[in-house]
Amino acid sequence: MNITFLVQNTFNGIMLGGLYALIAVGYTMVYGILRLINFAHGDVMMMGVYFAFYFAVLTKSNVVIAFIVAVLGAALLGFLIDNVAYKPLRNAPRISALITAIGVSFFLESFAVVVFGAIPKPFTSIFKSQTLLMKVLNVGGARIPVLTFLVIGITAVIFVFLFLIVYKTKIGMAMRAISADIPTTSLMGVNVNFVISFTFALGSALAAASGLMWSMRYPNVFPYMGFMPGMKAFIAAVFGGIGSIPGAILGGLLLGLIEIFIPAYFQSMMMYRDALAFIILIVILLVKPSGLLGKKAVEKV
Amino acid sequence: MRKLIFVLLLVVFAVSIFVAEEIKIGVVLPMTGGISAFGQMTWEGISLAHKMYPTVLGKEVKLILFDNRSEKTEAANAVARAIDKEHVVAIIGEVASSHSLAGGPIAEKNHIPMVSPASTNPMVTQGKRYVSRVCFIDPFQGAAAAVFAFKNLGAKTVAVFTDIEQDYSVGLSKFFVDKFKKLGGKVVSLYYRTGDQDFTAQLTIALSKNPDAIYVTGYYPEIALLSRQARQLGFKGYLLAGDGAEAPELFSIGGDAVDGLFLTTHYHPKGAATSMAKKFYDAFVKEYGKDPSALAALGFDAYLLIIDAIKRAGSADPEAIAKAIRETENFEAVTGVITIEKETGNPIKDVVVDKANAKEKKFDFAAIVSAQELK
Amino acid sequence: MAKGEPLLVLDHVTMKFGGLVAVDDFTNEVREGEILGLIGPNGAGKTTVFNVVTGIYYPTSGRIIFDGIDITPLKPHQITHLGIARTFQNIRLFQDMTVLENVMVAQHHSISNPDGDRILKMNGKKPKMNGKFWFWRSVLKLGYMDMEKKMREEALNLLEKVGLASLAYEKASALPYGQQRKLEIARALATEPKIILLDEPAAGMNPKETEELMDFIKRIRDEFDLTVFLIEHDMKVVMGICERIIVMDYGRIISEGTAKEVQNDPKVIEAYLGKEWEVI
Amino acid sequence: MDRRLSTKTKVILTLLVIIVVAFLLHLADKHMDAYKLRILNLIAIYGIMALSLNLINGITGIFSLGHAGFILIGAYTAALLTLSPEQKEMSFIIQPIVPWLAHLHTNFLFATLAGGLLAAFAAFLVGWPVLRLSGDYLAIASLGFAEVIRVVALNAISITNGPLGLKAIPEYTNVWWAYGWLLVTLLFIGSLVSSSYGRALKAIREDRIAAEEMGINVFKHQLLSFVVGGFFAGVSGSLYAHWLTTIDPRLTTLGPMLTFYILIMIVLGGLGSISGSLIGAALFAILVEWLRNLEEPFKLFGVIQTNGLPKGSRILVISAIFVAIMIFWQRGIMGRNEITWDNLYRWFSRLRRGEKNG
């Protein structure tokens, strides 16, 4: 097929991939520190979006404020989840932490069903004008929503911001130290629990941010909206090398492109799109468990 | 925390349901979970009907609502519970065909009449004597959409988007394609899945075939998103959908993109001729301060049909009610004049076509495809 | 095989992890019936030697011959089946299982290790597994109970011999440290080995326990006519019971001989100088 | 000191219990209403699901989230074998069913066995790659495989009837089939766990490396437990299909949700405890239905009249309990303990001598 088709799909892919990357970053951070797949990540994202939606609807306030509130709210939620659900399990086997994470995800979803209602909410209705959301640029026949660039821009900003936190601040150093080895770090008088909680808050804030971007593109807010994107984002994180932030972003973009291109050029694959992501995951895990940019750990005997 | 659990259990123990002497009708709907929107819309209609006609044969009618959480296991258990625990004489439900397929056999086995407001899959009433419905079935609707697209819109090439997760969607698409090809049109088939957020891959393919219309079977969240992205990708042609698109959220999610989208459905205030339709419309607007949805109308009709059957049977005996339901003829309902086919339990009705109006966020009446046209 | 014959031969064995050379061209043998000690400063690569021998790592180069069979490419469970058993530096018992169960797990390979037997047959040795289809027989209880009974009795009198019989039904995690070390040895013995590799058996023991341990090791050597190959930091143990000692530093063998010989070997002293002194 | 009963006594006691239970079931079958009977059967089906997953997750310590996939395979295989050719003809309205399958027909027993065997085979194929992973990677990968299986069922329309699913499956599952199979599962897995193989599996859970060094072929044993678990998952699938009389491949029917429900059951009952799984399964099946009362109008403490909690509160309560258990009561109801004759005996003799629980 023609070049426009290629360009179009490329941008479609980058759009989707950018969103995956955004979510994956939060995943990968928490995993990097705790070695815990935070199953609830996608649901924190969902909660964040609901926060923004209801805040805007109830207080009739500006979207920007709503977004800030949502991000802070999600951060707080993340902090709470960590303190209530995960902290008691720090020394328990990793699996029980994982089960708990599943439980938390389950809880948040049912909570949203009861409190926010199961009927999908139209996210974009909180915007005064839809122009930004609907605006489309025409690039050589290919039509690219302005949102695409916004997503890419924000992903970039967040990446820089994270880079600064992780590599330029004291707490960032602590985070890296912990991800290397918890006991020693705590011996060095670092308040491990605080750093972990901080990471959770940060990760959850990211989840909310990505959720808001996601809902600007896909303005359909419902209690289970977090599940699939969460899964995909996790796959992206593993793909890129879990624990590595650049890895998450690379993985996200690649997954997005794959999910767009494979069905675009092999239409019979269209139905198997979600399966595709999982197959990628399995292959990656078997061929290169450390992911594209991850570093591998050796088992001590 | 253990205390909390204890208290919680205590509360549950303290629970006691009181029972009074009335005619009990069970209502099994998805009030939570994936398709709760439909359950809740249907419930609006049913409860309104109950409000307007609370008695039959001089007895109070008591509605008991069961939530099936949009899950199959629960869809079956809820029906069983309604029959064995609450001893209902009839059941209204369920919405999704896959749920009716789970609940139906239990009603059938216990010889309790069940009327589905909106399960359009032919399999639902297949070979059943106690399960009927007030909505037309997918082959009917699909064909109607095809006729409308070909004759009224003059479409020659249509891109058909099917939600492979939904039996409803797959069925509708199939019957549309069959009819549309028979009429001499060309079809591009594309697929997506419930919960999909991004359709650009499929749309880019579809648009490269520049179709006159895009026909999206499935449900409103995906339809809305898909329309949005179709317009963004520069699609100028017609958008066409089934009754799954009919929900206020279509506008709030789809925005201006869904303006002018055509959809086949069961009911439109302006389309319906019956006196009941008028009555229903006014009452509904008064009650909820908004235009009724087709699901509300269908729920309303399902209730009326059962009440009418009870009247004609002159008793609240399930067997009699079931028999009466299947004998329904030219019953003046909201969604048209209903005659239930004795052997299939399906109604013979016209199909209404609506046109989405994004400005006023409502559905305008566009056309009627009569049952005859589809013969 | 007669006493003194080489039983386990390491032939130019090298183990690299990325850049790090943990074991460098290690060539030596363990002789039938002897108690051989392997000493050296921390990080000299002693435990790695054990891990390579028992198949946890495949050596980067070199061959390992045990009882005339080249075990270099074999998997841990096969190697164990051939008759090499080990204990771990950081105790690795099955904490949530009883003492008896811990021992009986070690007998399992005698009914569940066909590929171990394959190797034995290939090398013209007599297979150890008694009977086939043990999975089905154990689930459907077809003549399994006798086997279970037999295993149980053997396990119990093994525990009797090592003096843990009274604790047979305690959870392994409930045992005091010294006993746990003993249980690890008992578990290793239950695999019916020809040679047993002990990784710092005396670690964390008080002098009295250490005394007992030394007699214990000698005793089991004679009782189960074993060959013992042990890593130890506690020089008292090494000098006390080892008939021959190999000294490693930076992954290489720097000295070998009797306690006396290595003690006076300048290379050894040099190796230990500056490094933290082991208790002598 | 270990107090044990002779095997003979135990066998007799067990037989007695089986007879008593059988009699009670007979009474239930006669006198319970269809609704309660449904739940009673559901308990047995959940019980089999929980037992099989617990063998994999709790006993062997492989954290698999792919159970729904095997259940789905069992359900479809069995259903396609018991459906009458006419019924298949009628149901496959999108694409006609593939001819070789159209006239394949057998009785419930063989259909169920076939379902189990096919599921076991699938477990074998899936286990081969997945078991090379560890911990949470394994969890996600198995979840992925289950999803792949589901999507295939969704798209192989000429075999599975795609999203329309299968309907009018004969309602064969009754108390006897359900509890008969539960008994088989219980005996099989119980016997396996109490055997030398069971010890090996537990050892693998406790310490992989040490187990390997004690001569256990870890991969083979894990695969073994995976396949056995898969088989009984398939069996439960068949029972489920013939209980519900209709199945489809959607997310909420035989998808991850189901796996999570089973996970809740075994965590509730105690990871690694067979008797726990049964308790967990029963509790779950009953709770979900029982808590409906919360959503219906009820009198609180018989006094305060409420309109009931909003719909959906049930599952919120359950998930809350689930998380609470994970945090405060990780071992669940049974921990890793079992209700065995020996334990009961010990417990009673302790009581008799008025010992504190020691």
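As written, the chain order gives the labels A, B, C and D, with residue 1 at the start of each chain.
Convention: a residue touches a chain if its C-beta (ideal position, glycine included) is under 8 Å from a C-beta of that chain, and two chains touch if they have at least 3 such contacts.
Computed from a prediction, not measured in an experiment: that's the story for all the values here.
*Asks:* Would you say B-D or A-D is joined by more C-beta pairs in contact?
*Replies:* Higher contact count goes to B-D.
*Asks:* Looking at CA centres, what chain is most distant from chain A?
*Replies:* C
*Asks:* Quick one: report the Å distance separating chain B from chain C, using the average Cα coordinate of each chain.
*Replies:* Chain centres of chain B and chain C, defined by C-alpha means, are spaced 72 Å apart.
*Asks:* Go ahead and note the Å separation of the Cα centroids belonging to chain A and chain D.
*Replies:* Roughly 33 Å separates the two chain centres.
*Asks:* How far is the middle of chain A from the middle of chain B, if each middle is the mean of its Cα atoms, in Å?
*Replies:* The answer is 36 Å.
*Asks:* Give me the residues of chain B that touch two or more other chains.
*Replies:* Those would be 31-34, 164, 195.
*Asks:* Where does chain D touch two or more other chains at once, residue-wise?
*Replies:* Residues 154-155, 209, 312, 315, 327-328 of chain D touch two or more partner chains.
*Asks:* Return the residues of chain A touching two or more other chains; collapse runs of consecutive numbers into ranges.
*Replies:* 113-114, 118, 271, 274, 301
*Asks:* Contact residues on chain B for chain A in the complex?
*Replies:* Residues of chain B touching chain A: 31-34, 36-37, 40, 164, 190-193, 195-198, 200-202, 204-205, 208, 221, 224-225, 228, 231-234, 249, 251-253, 255-257.
*Asks:* Enumerate the contact residues on chain A facing chain D in the complex.
*Replies:* Residues of chain A touching chain D: 35-37, 84-85, 88-89, 92, 94-96, 98-100, 102-104, 106-107, 109-111, 113-114, 118, 234-235, 238, 271-272, 274-275, 277-279, 281-282, 285-286, 289, 299, 301.
*Asks:* Of all residues in chain C, which touch chain D in the complex?
*Replies:* Touch list, chain C to chain D: 54, 56, 75-77, 80-81, 85-86, 88, 92-97, 101, 104-109, 111-113, 115-116, 134-135, 138-141, 144-145, 147-148, 151, 168-169, 187, 191.
*Asks:* Using the touch rule from the top, collect the residues of chain D that touch chain C in their complex.
*Replies:* By the definition above, chain D touches chain C via 1-2, 7, 188, 191-192, 195-197, 199-200, 202-203, 206-207, 209-218, 221, 224, 336.
*Asks:* Going by the contact rule set out above, which residues of chain D touch chain A in the complex?
*Replies:* Checking each residue of chain D against chain A gives 61, 63, 129-130, 132-133, 135-137, 139-141, 143-145, 147-148, 151-152, 154-155, 209, 260, 263-264, 267, 309-310, 312-313, 315-316, 318-320, 322-323, 326-328, 330.
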